[in-house]
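The same chain A turns up in both complexes below, where it pairs with chain B and then with chain C.
This part shows the complex of A and B:
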């Protein structure tokens, strides 16, 4: 055995204390992961860039009109709606979370699940259902008049739901669960010890709520509220049904009713500014309060037992938003659907629409996962590569862009791509005509993928974090390329994660309305566009059936969520900008 | 130069940093074929960075890594880990949880004939004593079994060099001793060179042919276990292997004068110095005692006995180890011998804190 010392101890060529050269790590070279990232990043940025380009090309006079009459009013109504919804979801979401997390009363378990159910309702379906129910010749008013002995609808004047306060109520009922879930998680898992400590110090329940629980839950409240606001801004159907002129509705009608793409793009840009400002405030507000409650011992709080009439009172109070946000509209839809089925049978169009909906949603889900896994894996397999990280961030911006805004941008992009293809075909001697991405199935799938890519990426990221990086490195030293690591290690270990992500993506794509409405092929109806069409026309023929199907699909992830148990998080919360 | 003297792995002036943190400040080290070298040092000394650079998991900022004459990393060269043909055993073993033991061991053999893979896997599993666990999944194995599977998996492609990252740190003391022996035997049988990272001197002494001591991104000493143990280059190296009693001294004419006596200090300039005495140097049963001392306390520790002494002329109490069966009375006056081989004299250190 040799013991020759070949080493040259520590005689570096770099002087001690000199600033180290820039760090380069393994694999910041170009690879397939990067190529895919560049394509995805470009696709995500294209609609935003296109918006700016076509907005700049708009007619100056129209611009002035839009920004003196349409935009100020829409901004005002949007602001009021957003503010109202924010207050509603904060109060109702936090209140119900406190109710079920800290108290124990008969039916609490049932209530915990009931309170989640409005998530199954897209807002436009909830609005549709309530409007149908409360219509002057609808079920509720007819029964009420019969009860009061009033013959003519005109003699019984109820407050109209189609007002801003009505819209706040409907949006709030549909969106409070975002806050409820986020806050309940905090109350259940993270504050038990602190609340108990406060009780030992003799604090009353009220004092504990305001001095301990509420401040701790503030980041969760902010996160949940941000999601609710995003959904509010994204909505296109409900605001229209409820006669509220939101910015989204203005974008939509400027394009659909006036055919003015650059005008729509201008409002859409204004809206992007609005959304960015909101996010900025939300981030600033959260950033200042850097509570690190996460990671404490997860021990459920010892609930306060409330029996008898008081217990029932708590149950009734907690159940109110769930009853109004789910039970009543769901029962109404079921009854309407049942009547429709009894009267006309199952219409073929519903079958076709269901198939359309499912095929679009499945396609977009697959694309989002098939692009998402290599992008997230690629970033992980290139540690320290800023480019991979930046591309992943860029490609997920679609989540923060309201569907209508995204769709207007994509309309322009698709139009441009089609023009290029037509020109190329013309140059090659073919007919310089036809649509390729505009109003195509592929174009719709791309739009939905861009819209929900963040959900896919964040779910995959969460899943990958559970796989030790040494598994990657080990496979590399055993001869596997980065791609093979993804294929042989990440993919098999991620199967449950990917299945869960697929379900959430599928349901989100299926419920999506604004982008689908604007980008679908001619005559291509999905369940959501069908419902929108009937509600917009004021006809309700098969609408209830379509609505029932949408809600039924929407219940799937909630069932999954409750099966995961008390530590459940809401699907959208993990896709939320953080 | 014969082929056997071409290093299996050679680092030349390797530098590395994480952001502003310098991890390696010019490391040069060669590992000969069939040799087992331990990188020994405290956490954060850069030993793991060097290992990861060898594996291709990190790209060095400067310097070269050459394996059997083939450049792996250097100016404009960066072989990815999958093309290096280096085996690596991870601290957490990194067994693929979705693959059974046999598939894990055969993972690095992809592309070979099925029969060949099965034969290699069966041979390795029997050599690590897991012949009947091939169909088990990693989570069904004990810690020691997982360690063996990881070793078998890293050795399966017959790498020219095997890297081991704290291979024994997840095992309890008893298992650890056995695994050191098994691992050494397996490495010797296969003839692969190996580089092991550890913070435990016992691991290094038990397994390595040579030990490279690392501190603050530099190798401070390389040598056989005996060399680094017997002739540490500085106080820090000496202290890494055993607790020291440090006595300030003044060198005068090649002798270090201390309150505990005079020690040979060949080659040291006149001036302040430090005499470091390993605890083992003190001998309660010496035939020629050099100090008088009083027993302050004694504690039975099973395999040995710890005795706290007040040595005349020295203000601090000194803990020494002795035979547990030797009776020692508190308060007794004893004579202490000194093994001069365990005494080191070091000159003033410019960067003693590093």
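This part shows the complex of A and C:
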């Protein structure tokens, strides 16, 4: 049997009872890791500082109004939405992960992939698709009325999707995979020995789930839920469809309709502080505990076989969120795109847009990973260094502000940088003209990297936690430099994690809209800006093809993601005697 | 050391003056602007580069500063247009042909902006009602309780309508009116104007508020067969203010302060307000012309004679913030 040691490397004790390997508290020695961290931290902080400057420029004249008429209601609706989505994604994400990790039933493999697919949908496309389907004059109710022999739509009133509970449902369906993907990895890779031990000791399945699996998965659940919450807070489009007045919508109307950018920046920063505090508390509550499974091989648990009708029941139950979150809305979109193609033909520019979309997404993904791995490794190789930790946290800040707000901050930063470059050029005898970061490909890539760096950092952190720190310590004892530890130990062991992170990043960069829209170069259209161009004038059906392509391009990486997840565990399983 | 590199950069960045071109920053959707740009290029040989930006167009031009390549700034709402002027990123349009083509109430007195096309804010009604006429004031009549659909009160099309009401009735009466409309809503505001037509057809409400061009777009079948049924499924009425006309909003343009091709930008504006350009607006998007010499699209003309309200577009823009605050105060979107 594989030897498994649970190292509780935060509190310093280990499950084997051996004295903890004391790590030299090195503090913050300056090295390449720190240098990179400083650059990343400064880049991430720059737009926030720019926003703070904008916010400080306001006279606060609207505060009274905002606090009596806008903020209380918006805070209430936002809280309910966020709370609802959090509960939904935790229950559905963890439940489905447990279902496919612990049970074996016909169709399990298929289900593992299906459950990830809603990730391919931008939430506002998901909202649009469902709304179109379920509307009284949409396909579903029209059929239903025909079936029931009811002539007028007014005679059959079903609940409207455009309510707060409806929004919770749509957001939840689109976002639960963030939890599912994180938790499933933990269940597959980490809990096998413990679950089986508990099983041998006679614990009931329910007890194992609540006392063993759930505590182990808590960091993953928290990380996935945090992502889902931030995606919810960042949304503007779907909330408008579903008539939810979120704080983000309030930021928008304060800026766009009242022409008060300062006021908007103030609300946005207040939200940022609130969200950051929330996650800080979660982190503190969880403590410094981290669990690493130490051993030669990590193997999946022996699944419980469920055959026959019960097996099909499990499959159907697990498939429900995937069917509602992906299959049905995707088929609807596909049908619309097909009708559109027959009606209006294929526009050639969609090929260029696809190329643009992919190139920006690939570039931003690479940057996020190339910066992410050293920063996370560097923090781990400098235990006790608050600076490394702080820089890592700061550099993920772009995920906690809505995309447009981040973009507004970046506009100011880029404009400033360009002005400095122009001045420098002028001083050197060149023409003091031109734009450099503003409206450039590079500027767009930086923006997307800052926006989604948290995904990179969070994924890499989770992956690194699964590698025992004793490996680092051995290598360091043998005289390897921190860089060599990263290069020779972390990188090879992290390949599956990095690939998984890359795919998630790629999909999210591809779906991103507000920052892309505002910062892209002239004449540079992506699939999402094309789709928005149609959606903004209400001709969604014209955007159906672009929407289908976004979903299709998202699908491929997502399916790859499951393959990687599997490969990471299966060779180990084969190596382990059972 | 750095000089050669920077000079190379400069060579890359500096635009070649060979072919004439014009850079357009627009909040008008690309699908609608592209045909106009194409026709302009065919006529003049001036190349049109476009970037479609929704919110943040003014901020982008301001951040790019003196190096901004933007020549012409186009928006689909008067408020956004005035924002540009207030941010100081525009310069006056000097072309005499613009002044000749566009009536004075549809452009800034100092020439800082001009309207390019108009759209009227209309009432759509369930055909079964056989409604023949309606005023904006009627929307607050309790007889419509639970029967009105409308998009978010914070949408520029609605804040402009409310701003026009303030200009007519003053803030107090407007607030009472808005609260009355709110009390009549069938459901929380959501979606866009087309959703309103769909909701009426779906039996969720009896009447709704929407822009004129959507009627043309839906009824023309350009949006596909489903939308044609939405458009054909409602009666369209041109409401008026008591003692006034029908509220219109505009799409418009301003020339950028640091425009590298200001002359080409003015040529483009000239073209857009010419009968030829106006015809494309009508054909593509069913908008009312600002140039009296241009003709109204038959579908739109068929809705009835439009009596444009007397309150100037500039005044509507100036009351937009007050309107937005009222929307919050009566909890219109909640």
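Everything that follows uses one rule, which is that the second predicted complex is superposed on the first by the 340 of 578 C-alpha atoms of A that agree within 3 Å, B and C clash if a C-alpha of one lies under 4 Å from a C-alpha of the other, contacts with A are read in each partner's own complex, and residues count from 1 in each chain.
Heads up, the rule we're going with is that a residue touches a chain if its C-beta (ideal position, glycine included) is under 8 Å from a C-beta of that chain, and two chains touch if they have at least 3 such contacts.
For clarity, every value in this text was computed on a predicted model and none was experimentally measured.
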Chain B versus chain C as contact partner of A:468, first or second or both or neither: first
Partner contacting more residues of chain A (chain B vs chain C): C
Touching partner for A:412 - first (chain B), second (chain C), both, neither: second
First, second, both or neither for A:218, with chain B first and chain C second: neither
Contacts of A:205 with chain B and chain C, given as first, second, both or neither: neither
Chain B versus chain C as contact partner of A:480, first or second or both or neither: first
First (chain B), second (chain C), both or neither touched by A:428: second
Which of chain B and chain C A:492 touches, first, second, both or neither: first
Touching both chain C and chain B, counted on chain A across the two superposed complexes: none
For the chain A and chain B complex, residues of the former touching the latter: 1-14, 16, 19-21, 23-27, 468, 470-471, 473-481, 484, 489, 492-493
Residues of chain C defined as touching chain A within the complex: 2-3, 6-7, 9-10, 13-14, 23, 29-32, 49-56, 59-60, 62-69, 79-80, 83, 86, 152, 154, 156, 159, 187-194, 198-199, 201-204, 214, 217, 222-224, 226-227, 229-230, 320-321, 324-325, 328-329, 331, 333-334
For the chain A and chain C complex, residues of the former touching the latter: 65, 69-70, 73, 131, 135-137, 141, 152-155, 157, 160, 162-163, 240-243, 245, 249, 252-253, 255-259, 261, 339-340, 343, 404, 407-408, 411-412, 414-415, 418-419, 422, 425, 428-431, 433-436, 438-439, 517-518, 520-525, 529-530, 532-534, 536-539, 541-542
Chain A contact footprint on chain B (complex, rising order): 7, 10, 13, 15, 17-22, 25-30, 32, 35, 55-59, 61-62, 78, 80-88, 90-92, 94, 96-98, 107-108, 110, 153-154, 157, 163, 209-210, 212, 218-224, 227
